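All remarks here apply to the structure that follows.
Chain IDs A, B, C and D follow the sequence of writing; residue 1 opens each chain.
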Amino acid sequence: MIDKTVASAEAAVADIHDGASVMIGGFGTAGMPDELIDALIALEVGNLTIINNNAGNGETGVAALIREGRVRKIICSFPRQADSHHFDARYRAGEIELELVPQGNLAARIQAAGAGLGAIFTPTGFGTQLAEGKETRTIDGVDHVLEYPIRADFALIKAHEGDRWGNLVYRKTARNFGPIMAMAARTTIAQVARVVPLGNLDPEVVVTPGIFVQRVVPIGSHSIGSTAA
Amino acid sequence: MIDKTVASAEAAVADIHDGASVMIGGFGTAGMPDELIDALIALEVGNLTIINNNAGNGETGVAALIREGRVRKIICSFPRQADSHHFDARYRAGEIELELVPQGNLAARIQAAGAGLGAIFTPTGFGTQLAEGKETRTIDGVDHVLEYPIRADFALIKAHEGDRWGNLVYRKTARNFGPIMAMAARTTIAQVARVVPLGNLDPEVVVTPGIFVQRVVPIGSHSIGSTAA
Amino acid sequence: MKRLNREDMAWRVARDIPEGAYVNLGIGLPTKVANYLPKDREIFLQSENGLLGMGPAPAPGDEDWELINAGKQAVTLLTGGCFFHHGDSFAMMRGGHIDLCVLGAFQVAINGDIANWHTGEPDAIPAVGGAMDLAIGAKKTFVMMELLTRDGTSKLVERCTYPLTGLACVSRVYTDLAVFELEGNRARIIERAEGVSHDDLRAMTGLALC
Amino acid sequence: MKRLNREDMAWRVARDIPEGAYVNLGIGLPTKVANYLPKDREIFLQSENGLLGMGPAPAPGDEDWELINAGKQAVTLLTGGCFFHHGDSFAMMRGGHIDLCVLGAFQVAINGDIANWHTGEPDAIPAVGGAMDLAIGAKKTFVMMELLTRDGTSKLVERCTYPLTGLACVSRVYTDLAVFELEGNRARIIERAEGVSHDDLRAMTGLALC
């Protein structure tokens, strides 16, 4: 019997290694897998490359990971925010590398990785600083930039419900990067409010099929609706 | 008030013009929008470019469109089947042009169109006849072929339920190409078993958001489960 | 001379959004447009973080922090709205499915170039978010901004000096002093605030406005 | 010499599929493998037309023609299975998420090349379906086929003469006479049918088997 559920966040992240690339779901704090990140911080591995839309908000989640000095490089679209002070400080001190990617290219590159494409020509960013040095091509009269897939060793995401086969459904805008990151990482670890019996998730409404998920951790729903800064 | 529902299949397809490119959903007969195709046949426009996974089965749907001589070119992955005799005859007579595309590249090229990508490097087909003359590139040690988006003037698809904003849900494996074709056509026309009041479709389970759908035609459910050859 | 305040500007933009339009409102000033959409028009607001059919802010205390907009403010979902992932969200944008995008800007050039993501100052931490996708993805891109900076420099310019967000993508600029249509490398004044003349605008911008 | 019949071959392949594997069975002969999966193993069958967790054929009369497999036969869905669109389906394949793909073939070369989509005859109507995606997308690609054509020609060859489906992607070939592991441009016999010798296989294939 296949059972992808793991009892604790600590056990779920135990094999994340020094220097690993880790996608982390969430747009701001919505969909941020705080408990998995806390377990990762407790693991005391460093030199991580983090892929997330932001670079941390306030004191929890990605911000805490940065505060603790575990992040060597971050790939994101929107690091600078009112409450990104931990990133700001480390960035200004030259202690963290930033690869800034337009949000849609970030999504498309993650999707390219999940779908096994070698590269994509995207119109976004053409002619801007963020495309400097990149290959370009005019296709059907539209200028494009060649962008490569973003893969990761691990993805940490937050879903609403999951089952022992790894099928997931999400909640409102906490869905954001979860489904596409799940497809782009070698090992995807999903924290869920609750694990439901196999068959409880309607086959028509599963958003992330279990094939993209390796571990499911029930966390409880205490953080839903209360993760605001 | 925005109401995308159209009373009849005939009215829904009335502006499909001679020489139009038309995506047609379905994998074999599952998800094939038979009633929309019948309306298209009744419209008596020709020189169509059809994008479908197959090239018709039996006497209905795409097969009927080909039988009636309305198709100048077909872009598909699997034309030759036990019951593709109408295509076979016209192809052998040189009366129809065939662009054969591996099924995954067909899907990826349709998705590229829907997502506004200019081109994609895909590993599928490299080194085969179907990649002859195409640009190739080795990326991270894997050989790829450059493939371009497939767009269309119209998409005719079959969904299960829809609402007046064009939101759609599908039924079982009749989903297949519907969601991605809806994103790749200038005008997407969906036939549905029934139109439901706005709000009846759970916002978490809508598969095709209304932004991708221009017309919704209630057809009734008589053809569900009875479309086998 | 009567400048439009920011609420007036939002009202002015909202008036030009037709029924049935799929619209993305950028963070900051454009977000205000949502408050002035004519009640008799069904307009679909898309938010890049995965919702279509965005409704107004919830009553205080009713916030659900898993239902937010691109600016990370709590919002609601209209009846008929839906959720989707970031891939589909940016496919809507990049794929040309959004009819209209309204953005704020540091500068807009008369050729339609826009700069709104980075001041270019060496110590500034850059952040782009969805700005570059929004600028070039929608069928039409409108900008709303004050025409002048605090020190009186025009933000509508011959050529942008700030780092670009998108090239030749803006078609209309709504400001506190006038509304401009950009076409064929020229800016045409299509509306002026009360007491503002063509000559005033030419003097303020230094542009050969028509 | 005792050849395995097609049912035996399906049983033989099934025995090598581990619990938890995500598997795509090509149309034709490989479809039979589903009938022999060990009942004590949870194995996930993916079908390219958008389902995961494919179950056995329904009882006659219970067919739902909107629930079919890649061969357009009526199937069922296991508890815990789900549906998705063609884009996601081929992302599963091309993206390397499928552990194992089992395909039929006209020819397999010892370097792992496979030809299974087109005989190359000038009057044949070509049809490729998902074959090219399946061949190169899965983590492992197995082929099951009779070793010899009806006229006694080996289908395991030095180089394919039929048009290729995928290059250097097949790692194992299950036949009615032997099972071959392909590695480093060589075919190694890992199992022989009763009464079939190494020399028999070398003679039949004309290959320097090891």
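Following the convention adopted for this analysis, a residue touches a chain if its C-beta (ideal position, glycine included) is under 8 Å from a C-beta of that chain, and two chains touch if they have at least 3 such contacts.
Because the structure is a prediction, the values reported are computed rather than measured.
Any chain that touches chain A and also touches chain C is listed here: B. Annotation: 35 Å between the Cα-based centres of chain B and chain C. Look at where the CA atoms of chain B average out and do the same for chain D: the two points lie 28 Å apart. Rounded to whole angstrom units, the spacing between the C-alpha centres of chain A and chain B is 33. For chain D, the set of residues that touch two or more other chains comprises 77, 83-84, 87, 90, 93-94, 137.
Among the residues of chain A, those in touch with two or more other chains are 108, 111, 115-117, 122-123, 170-172, 204. The touch graph of the protein chains shown belongs to none of the named shapes. Chain pairs that touch one another are A-B, A-C, A-D, B-C, B-D. Of all residues in chain B, only 108, 112, 115-123, 137, 139-140, 142, 144, 148, 169-172, 202, 204-205 touch chain A in the complex they form. By the touch rule above, chain B contacts chain C in their complex via residues 1-2, 111, 113-117, 163-165, 167, 183, 198-199, 201, 203-204, 206, 209-212.
By the touch rule above, chain C contacts chain B in their complex via residues 19-20, 22, 42, 44, 46, 52-53, 77, 79-84, 87-88, 90-98, 137.
Taken together, the chain A residues at the contact with chain C in this complex read 27-31, 53, 77-81, 84, 87-88, 91-92, 98, 100-108, 110-111, 122-130, 143, 170-180, 207, 224-228.
Residues of chain D that touch chain B in their complex: 47-51, 63-68, 72, 74, 77, 83-87, 89-90, 93-94, 118, 123-133, 136-137, 163-167.
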